[in-house]
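In what comes next, subunit A is part of two complexes: it sits with subunit B in the first one and with subunit C in the second one.
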Partner chain A sequence: MIERPPHPRLSPPPRHAPLLAIKNLVTAFHTPAGRIPAVDGVSLSIERGRTLGIVGESGCGKSVTAMSVLRLVASPGRIEAGEILFSSGGTTLDLATLPEPAMRSVRGGRIGMIFQEPMTSLNPVFTVGDQIAEAVLLHRRVSREAARARALEMLQLVRLADPRQRLDEYPHQLSGGMRQRVMIAMALACDPELVIADEPTTALDVTIQAQILELLSELRARLGTAIVLITHDLGVVAETCDDVAVMYAGRVVEQAPAAELFARPRHPYTIGLLAARPSPGMKHSGPLCTIPGMVPLPQHFPAGCRFHPRCAYARLPGAESGSGRVVPLPAGELPCNAAVPPLHEVAPGHWVRCFHAESLGPPRSAQEIAAGGLFS
Partner chain B sequence: MEGSMTPTQPMRSGGFWAEAWRRYRRRPLALAALVFVGWLAVVALFAPAIAGTKPVLCRYKGHLYAPCLAFFDRRLEPAVFARDRFRGTYPQNLKEKDPDSWAIWPLFFQDPYRAVRENEWPGRPANPARDEGHPSASHPFGTDQYGVDVLAKMVHGTTVALLVGFVSMGLAGTIGIVIGALGGYCGGWVDMVTSRFTEIVMCIPTLVLILALTAIIEKPSIWKTMAIIGATGWTGIARLTRGEFLRLRQSEFVMAARAAGAGPVRIMLRHILPNALAPILVPITFGIASAILTESALSFLGFGPPPPSASWGSLLNDARSNYSMWWLVVFPGLAIFLTVLSYNLIGEGLQEATDPRLREARK
Partner chain C sequence: MATYFLRRLLLGLTTLVVITGFVYGLARNMPGTPLTVQLGETDPSRKINPEDQERLRKIYGLDKSWPVGYAQWLGNLLQGDLGRSISRKQPVTQLIAERIGPSFLISGTSLLLTWLISVPLGLYASARSGRFDERASSLLLYVLYSFPTFVAALFLQIIFAVWLRGTAWELPLFGMSDLPADAPWLARVGDVARHAILPVTCQTYVSLAYDSRFIKANLEEAVRQDYIRTARAKGAGPWRVLVHHAFRNTLIPLVTLLGLSLPALIGGSVIIEQIFTWPGMGRLFFESIRERDYPTIMGLTLMFSVLTLLGQLLADMLYCVVDPRVSLD
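Here is the complex of A and B:
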């Protein structure tokens, strides 16, 4: 990792202390083929009671970031650098270095987790009630009866039909949507301050997806739980998130309030992602916009800005430009493949990791880009 | 609320084990095998009440006694009978020394350790010995060369046959599951050490080791034999457990349990083990069968439990020197065969009831 020089604009200013602040997190996998930095210098912050969406393609490190927060990265992966500051109950814990027993009380107790596959995330040999009650008993000194009562209460909270009867049913007797409701009930059973949802709706069909997202938004409003929503679906982000972080190749490339990001994307990757969405007003003929090239493999991350080989705006010395265009570099400006651009604030709360975010001209709306066919 | 059940609701069913039992019940042979083993267990438990020469319950000089328990442990024989010089023969002594006494006798008045003498039971002749002892109405399975009733011996040998299976495989199962679970869950160097250790033990030929150990051991007993069978027979279980733990460790519900704050011990015991148990039970059941065979083989070779423990294998050993007495081979041999077959059928039934792939194939 290239060390960034200290700079007053480098970390978001504390409006009020964030619930979770990830600073320069590096999580790498040590495989026989070499070190694979799946997460390489990620900085994020989540405010109390808000929803942060983390968007990115498969393999961009969004799930590994989430697993790093709970320190559940499977070996050979490990957190190599960075801080994960979690402010809970007046104290701030660094989850990156917290001893394992203390970490266990954070998992499930203060930070809940919802997984992608509701079909396999519940233990097939225990009843739904037992599993939720276990999550309660792990963190609260209560009787079995009280834990069971809490399980029932949680099933009612997630609006599962016939909660009393479902309590004694086994996971295989429930549908995918029902199981995901049970997972949400489990994650929320101990009143966590933060819930990490790793693609909670990917495995569900569209109508159920909408119900689950609605439930999550409603529960957040009711319980004041902050949510980190990991997804590759920009539609999900637009509907549910207050803030969005876009990740590419192990780094955050842009973070902004959702409305701001959708209206005025500043990073070429985000611009490309938004342009690639089909929109209702689109002409029916003609292909959808795509971003040229492939996501680089972690073993072969390009130097400098990792998006530059696919970037239409990349400024490179000579004819190396991926787009085939030779853009003359203004004096004193670094080429995109020479240094890692810093994550810097271009508008209040809007952070971009691109040298040329300011010089890209007036911010474009996604529709404008789609119409102009900038990425074709 | 029965009436409010709508037809769209899924059929009420229990958990995994209830489902497995439902599938197991559909296999008549496996079910019959289970009934047979259950029946053997009843026979073993009530052996002194089925065949014996000591009253199940008797009233002697105003007190109630259960002398039949002496068949389980000699120390359980009430001291009063030794003081009154019963010398192990109850029917006449009871009547002579206390005319008011009464007794409930075993179903079958025969002793597994000695021949019954003439008139020991009023009006009954002494047990025939040697070639005379072929099966008859009073001795359904015949008597051995000393006149000891074979049926009585077999009834009392049931305990040994079942204990050998359960104790040795209980031990083997415990060792195998612990070692396999540690290796599979922890991985890394722990897995390295446990796997190599398993492979080393796997190389030891059990029968030869037991023969060597029985030669060294001071006082051979059935318990020591069981311990040796158990201590060498866990390797297959350990390998299978390791595989299951390795597979389930990666599963999403284990990740979910960790995310809920469960520690490694809880995850291993509560989350992985119940899911791994079904496939592990199968080799344990087959192991019981092979443990019974091993014990029989040892007894046949003369390295079995020393007398007075009666085991089916030692009956076969008696037959070795008495070729003409076919009943000494047929009945114990059949008992061993049926028991081993039953365990194998149970194992197979368990496998089919719990293995999802086999289940799919049969549909």
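Here is the complex of A and C:
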């Protein structure tokens, strides 16, 4: 291991020991209709104190991945394979196999979670203060008064108006944005090293969304908590995340530092996503460039590279590619639907799951893609 | 708050007038009168002569039409007078007062037992939902639930009063007490308790099966909610999640159930009191209808209606206690 000179606290700590490393995670639901592999070989890593954005179309397995980390996947879902290595306090725990009692001290203690639905995620019959204090009491040997004091401190930290009064109010007396602040206060109450926020702003008004995201960024900077931010919104990722993982059909297809990913997307799916995004400089007149085809359901994941039916670069025997274009297959090359492309590093910290990431031609910037249109 | 109670009071009084009026009309229009049912039909040899009959009809007010009779009953009620029982020659209030204790003994014990058993049973059933032991116990409870009380009572009577006669397990067939009133009180308490075992069992098992299934269904609904996921994500253990977070929320529907059981708590069960010849309110109701004892029928109807309305009021008030989202205005 290479020892680097100590960084000034401004930049994130060295990248050699990820806080959380998910390796080939497989989580499947066993329904009467058959096995649904919602997450099927996810690998990604989160660095200490950084914000990782996870993006991908609806149903690609973002939430199931998040729930797997805390082992909260609802039955009939089960983690079937893979490792979830959490390095905390000098030891590394595999959360995929950690015994349940030890797992309980991780949940809410070392890893906090914020959910999408602020309106229903708080228990309606307990006061806000009691619910935050409960999180403290579950993990710390402190008195009720101390837990309540901590709850108040947390409400002040998330900048809820009138925190002292709010402490004794019930969730129904609070607006959606206020409830989400309470959820954040609860998730952070035990100083976790990691907070997973699953679409924390999707259910909120646009102005409130911005406030909550700003709060999260600010708290990360102040407390040094690593954040996993699951979102649909690439704009949010660009503004708030240090790193990005792009998921498609139950797998991570690309992970890179945000600046790198936006400047040099390598996976055809990422390229498509970026092209589909209205860029700030562009007039919202013409139709957006979207990826043709549909997101496959976990029951019908295509063989080989899961993106091949929609990929303009797919090399297939015959004319199977999404655009109908026939790409001649050089002798000895595997077609994209024959094998799963490995997740490999194409540049420092830039991982791509595509056979042809290196040979897609000169990587194009998002602006160029948006202007030119990739899949036209 | 005040407007709530005022609204409730007005609504309650209207309901009472409608119900008692309806029941009075119904009772008076049933074939037979207290006189024919009591004397003529049960014992033809004791037919009373027409003059006496006419005199009695006047005394009991049976010569007037039912709306007039009802208006009189209502007028007396406003002066606090529920009238005298025709067949029992006793003030109705006194009759009811005598019967409250025995009914409450059975129903109160049964209600207490039901809740003491069905709450843990419901918690257990939803904690082990889908496992073999839970399915087996749920099936058993379901069979119990669909088993008619009178059949169960008969079985229990045969087993404990007939087959086990002479053993230490023998239980009385019916009645409330075999001992004279001057026996030592401790012996009398024990005797009444022995008499109460079978009726209490019969009344408990059905509500037990119903309530534990009700609690389990509500718990299963509660554990599907988002706040349960939040509780688990906080690090709460399965027991704490179930009891503190889920069960606390199921109190909301349970309070309604509790409010609904208030009339039965004092009113007793007609079937069980009849089978076990238990001198309670349910049996009095049954007999007063058979005897066309209008004042008693009306007194009991009034009592049941008031209790039902009070039960609803109680449920509403408990609602506010268990659900912070509800307030009385």
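Just so we're on the same page, the second predicted complex is superposed on the first by the 356 of 376 C-alpha atoms of A that agree within 3 Å, B and C clash if a C-alpha of one lies under 4 Å from a C-alpha of the other, contacts with A are read in each partner's own complex, and residues count from 1 in each chain.
In the analysis below, a contact is a pair of C-beta atoms (placed from the backbone, for glycine too) under 8 Å apart; a residue touches a chain by one contact, two chains touch by 3 or more.
The model shown is predicted, which means the values in this text are computed figures rather than measured ones.
Novice: After the overlay on subunit A, what do you see for subunit B versus subunit C, clash or fit?
Specialist: Once both complexes are aligned on subunit A, subunit B and subunit C clash.
Novice: Once the structures are superposed on A, label A:Y248 by its partner contacts, choosing first (subunit B), second (subunit C), both or neither.
Specialist: Once the two structures are laid over each other on A, A:Y248 reaches no partner at all.
Novice: Who does A:L138 touch here: subunit B (first), subunit C (second), both, or neither?
Specialist: both
Novice: After lining up the shared chain so the two structures overlap, which partner does A:F29 touch, if you call subunit B first and subunit C second: first, second, both or neither?
Specialist: neither
Novice: One more residue to check, A:Y313. First (subunit B), second (subunit C), both or neither?
Specialist: So A:Y313 meets neither subunit B nor subunit C here.
Novice: Figure out whether A:F355 sits in contact with subunit B (first) or subunit C (second), or with both, or with neither.
Specialist: After superposition on chain A, A:F355 lies in contact with neither partner.
Novice: With the two structures fitted on A, what stretch of subunit B runs into subunit C, 5-13, 41-49, 95-103 or 311-319?
Specialist: Once both complexes are placed on chain A, subunit B clashes with subunit C in 311-319.
Novice: Taking the contacts subunit A makes with subunit B in one complex and with subunit C in the other, which residues are shared?
Specialist: The answer is residues 70, 72, 104-109, 112-113, 115, 117, 120-127, 134-135, 138-139, 170, 183, 186 of subunit A.
Novice: Using the touch definition from the top, list the residues of subunit A that touch subunit B in their complex.
Specialist: 70, 72, 74-75, 104-109, 112-113, 115, 117, 120-127, 134-135, 138-139, 170, 173, 183, 186
Novice: Which stretch or stretches of subunit C touch subunit A in the complex?
Specialist: 225-227, 229-237, 245, 248-249, 322-325
Novice: Going by the contact rule at the top, pick out the subunit B residues touching subunit A in the complex.
Specialist: 10, 13-17, 187-188, 250-253, 255-263, 270-271, 274-275
Novice: If you look only at subunit A, which of its residues touch subunit C in the complex?
Specialist: It comes out as residues 70, 72, 104-109, 112-113, 115, 117, 120-127, 134-135, 138-139, 170, 172, 183, 186.
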